[in-house]
Amino acid sequence: MSVLDAKVVFNKCLAKEIYFLLLKAKEVSLKAKPGQFVMLKLYPDRLAFLRRPFSICLSLPEKDIFAILYTIKGKVTQSMSSLNTGATISVVGPLGNPLKLPENISDLILIGGGIGIAPLISFLPMYHEKAHFIAGFRSSEDYIDVKEIFPGTYEYIVATEDGSKGYKGTSLDLFRQYTKSRVFNNAIVISCGPLAMLKKLSKICAQAKLTCYVFLETHMACGMGLCQGCVVKTKQGYKRVCKDGPIFSAEEICWEEIRD
Amino acid sequence: MSVLDAKVVFNKCLAKEIYFLLLKAKEVSLKAKPGQFVMLKLYPDRLAFLRRPFSICLSLPEKDIFAILYTIKGKVTQSMSSLNTGATISVVGPLGNPLKLPENISDLILIGGGIGIAPLISFLPMYHEKAHFIAGFRSSEDYIDVKEIFPGTYEYIVATEDGSKGYKGTSLDLFRQYTKSRVFNNAIVISCGPLAMLKKLSKICAQAKLTCYVFLETHMACGMGLCQGCVVKTKQGYKRVCKDGPIFSAEEICWEEIRD
Amino acid sequence: MLGRDSRLEVDLGFIKLKNPVIAASGTFGYGDEVAEFVSPSFLGGFVTKGLSIKPKQGNPPPRTCETACGMLNSIGLENIGIERFLKEKLPKIKAYNTAIIVNIFGESISEYATAASMLKGVAEISAIEINISCPNVKKGGMLFGTDPKLSFQITKAVLKESDKPVIVKLTPNVTDITVIAKSVEEAGAYAISLINTITGMAVDIERRKPVLGNMIGGLSGPAIKPVALYMTYRVVNSVSIPVIGGGGIMDYKDALEFLIVGAKAVQVGTANLVNPKACINIVEGLNQYCTEKGIERLQNIVGSLRTE
Amino acid sequence: MLGRDSRLEVDLGFIKLKNPVIAASGTFGYGDEVAEFVSPSFLGGFVTKGLSIKPKQGNPPPRTCETACGMLNSIGLENIGIERFLKEKLPKIKAYNTAIIVNIFGESISEYATAASMLKGVAEISAIEINISCPNVKKGGMLFGTDPKLSFQITKAVLKESDKPVIVKLTPNVTDITVIAKSVEEAGAYAISLINTITGMAVDIERRKPVLGNMIGGLSGPAIKPVALYMTYRVVNSVSIPVIGGGGIMDYKDALEFLIVGAKAVQVGTANLVNPKACINIVEGLNQYCTEKGIERLQNIVGSLRTE
């Protein structure tokens, strides 16, 4: 893990309030594993006090580059959206406990809700041949073409709530639809999205006896395991999302205790 | 007085760490009188908490524009120096108690030390025909050509401490030199610069029986007379530099009580 | 129209405010200076700079300095005295259509009482706020506000000499603010306002000297908001008189936090220094908030904090 | 070389530190986690997360939120307990060439004493810091630190059970911190550290709920620096044992302010969360400062504040 200043390679608007940011940071790009994240801070320093966590959505170690896919939420992300090529950002990372997938998996089902697709993309370079990427968006306005970010031999299927693009419905509707007609022998589901979606998915997968991992988000002050701030209740007690997660087995989470 | 957002017309480096900033703000440019100042705040808001005071060095009401001449001191001025044309700045002003000069003055001797020339320039549009502008700089590196900012029929004479431009010495040395050979009948001296210089000048003028006004600088939280924070000890008790000043008659200041 | 929207009205029992936004003492001058920028008539009310029986010259400068998201001040209660206030300032400000609250202080209980008596019969004054919480004066000031007995006695003494509603302004520089709150309630205070500044200091490392001429000062601004909100919450839940909350309020969202924890009105201080339109912007923001959320009376959200 | 510059050495009497920069409790984990970023060997010392006799699960989330130039936390002293610390963590951290200070707390005087006794004979531990100042636990915690008698008793009890130097960490949430400082000095404390966090809260106006799961939390970061500096100054001038100051320190300039008012060493907390290299940067900054100013021993500037 490193603390370093990274240069903005480019920062592009891909959809409504969604941006793709490429950062030059050799050490991060070299070490990053699928599912990890970084803590960012913009200059000038005073804009926000704490760093902000963002998933590494893609890492290109051969170019010393990694990518972030982010949506505008508040003051830092607003400010990020106007970063120009050449600007400097402070980065801490890569952080988080990477998920070790078993060797023998047959299928990797990635289910993303909205900006939740970001960390899932990081699994594509290693697993695109086994991957099924299911993404749900509100409408075609915030639709992101994942194939453009990482082309590969995986299926990318999309749902929008208003039906303006792909299947009309949620990513979970589409997931149910999609899995109904298929048999998986050694499939693993990894999902990231709104809490309510993850809760629901975890039930569906439990019923379907599918191994399911979820990305959790909590408020992070350090992202490095120092403050015990970002905990989530699991069957083994509180765990730090930043250091023990952000990926958890859906089974170990005490879903009913998580406050919306 | 107004609170408004002004657009940067341009922001140009004139000398080492000295910048000339043109701001578009109709109301300010219309109301500004010589010697007044504005309180500025950059966006994003969080960079510094309080506004920063800057003299209006020139006002061009016919163009809805006023100008600031500033030097880099700390975080806000550092940040100001990278403002681009079109950027927005929050302005409160014009502020301060303008100096009413008597009708019958024969000569206006303006003595500026370093960036202290800024507010003195504001007297030129009205008084350039009667003005003698004496400016002292550390070296040619921070020399500013006031004639370029406001051309006119006044004498502009310059001293540098290292002699790299004009007279070798301080502005006060030059002032003594300059006045030695001249007789003024109804002259007024106005000066702005480091405290030590103003103290010294005030003695010189008292001895020479010259009417002398000085610009004082104290830490300002509001600049509007609300907080009583910016006071200076005068013979009539504490006075607010922002509201009762920033121009004071040199005679009324209790110089010995001012902490460096 | 702004400032006239009945949705924002507040009934404190002893005064009605057109809205819950009050400019805090020491950050709005005597109400006359700021009028060049904004008309105080848009506000629920404003509190004058702290006044004493005689004029006071205050502390040596520097008196202010910037801190992280806040500022320190050591004005030391410089003021023109009650007499000059009544003669020179009141005539200028009495025309405003807003509640004028006069902040007073003294160096002894009897000085507080005398100050209050000097305001007797002045119809334009809506209420008196007593400052038992200023960290910037040697005698009196905060000392009174940290001692429940003295707080009680001052409140009683002022009430006896006054024909006005009396608001007591508390200091956060105490172990348990509810003890002081309860004692001034018991003494008969009409309302409580809080918080005054938190004592602090800053050092100039170049000169190895305190930045402020008075060495110590009072911290205000957004930096202290979490503390102010907590104290407001505590006080609201320990007394039954109205509470006016504040400390670090910069925008209408900050104001809402204080209303939600139970303050009936808010005081806005340092924000006025940074932006003379701060109070008006807050009034506008609250108005818009009511419209967006379909709130008929803003007072309905007072104390609506869900703590399950 | 960094961390080896004798100019920065501090002699607290009971321990020598290679430099005055100590990472504060709760912001540096148990010293093992941060080692991926920086070696604790560069620091004067570090304080472990607060430890209790038994593991503690802490408060419900959310446990942190950002505030203006600071943050609130309501961790609630989650920790793995002293036993596991000694078994699992100490072996990993004892190799560091730095002072290891163990922070302890309990819900009663006897729990404090027991906790201290569990650390007896563990040679790698340089000192014990007792936390009588945490606002985030219902029982014990801050209550002890606001009462001079209880502070005295806990200090005495811990000293009796301990074979280590005992540092007492004070809370700022008191009317007069010097009263507590004097009482722990009288009880025999080797040193005083301060400040712990200031109690505060934040409200989510959308949900009308406290942002923190525990409703209230402790404010830390640059926002509180002026308060911390003032309290450090006060304590330094009321006791004769060494004082370790802190609260809101982000860079070496902040650290210098505390040294100038009289702290022999400083604690750096929240800064570590924002920048895991914060402490090291401060050590480097102090070093450079000595070089630039031609200072032979940084301790010479301790207490050099000119107050005339």
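Each chain carries a letter (A, B, C and D) given by its place in the written order, and its residues are counted from 1.
The working rule: contacts are C-beta pairs under 8 Å (C-beta built on N, C-alpha and C of every residue); 3 or more make two chains touch, one makes a residue touch a chain.
Predicted model only: the values in this text are computed from it and were never measured.
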Most distant chain from subunit D, judged by the mean position of its C-alpha atoms: B
Centre distance in Å when subunit A and subunit B are each reduced to the mean of their C-alpha atoms: 55
Distance between the centres, which are taken as Cα means, of subunit D and subunit A, whole angstrom: 36
Cα-centroid distance, subunit B relative to subunit D, in whole angstrom: 47
Set of subunit C residues in contact with two or more other chains: 67-70, 221-222
Touching two or more other chains - residue numbers and ranges from subunit B: 46, 48
Chain contact topology (line, ring, star, complete or other): ring
Touching pairs among all chains present in the structure: A-B, A-D, B-C, C-D
Subunit B - residues contacting subunit A, complex: 44, 46-48, 75, 79
Subunit C residues within the subunit B interface of the complex: 26-29, 33-34, 36-37, 49, 57-58, 60-71, 73, 75, 78, 213, 221-222, 270, 272-277
Interface residues, subunit C side, partner subunit D - complex: 67-70, 72, 146, 173-176, 198-203, 205, 207-210, 215-217, 219, 221-227, 229-230, 233, 248, 253, 256-257, 260-261, 301, 304-307
Subunit C contact footprint on subunit B (complex, rising order): 1-3, 41, 46, 48-51, 90, 92, 218-222, 224-233, 237-238, 243, 257, 259
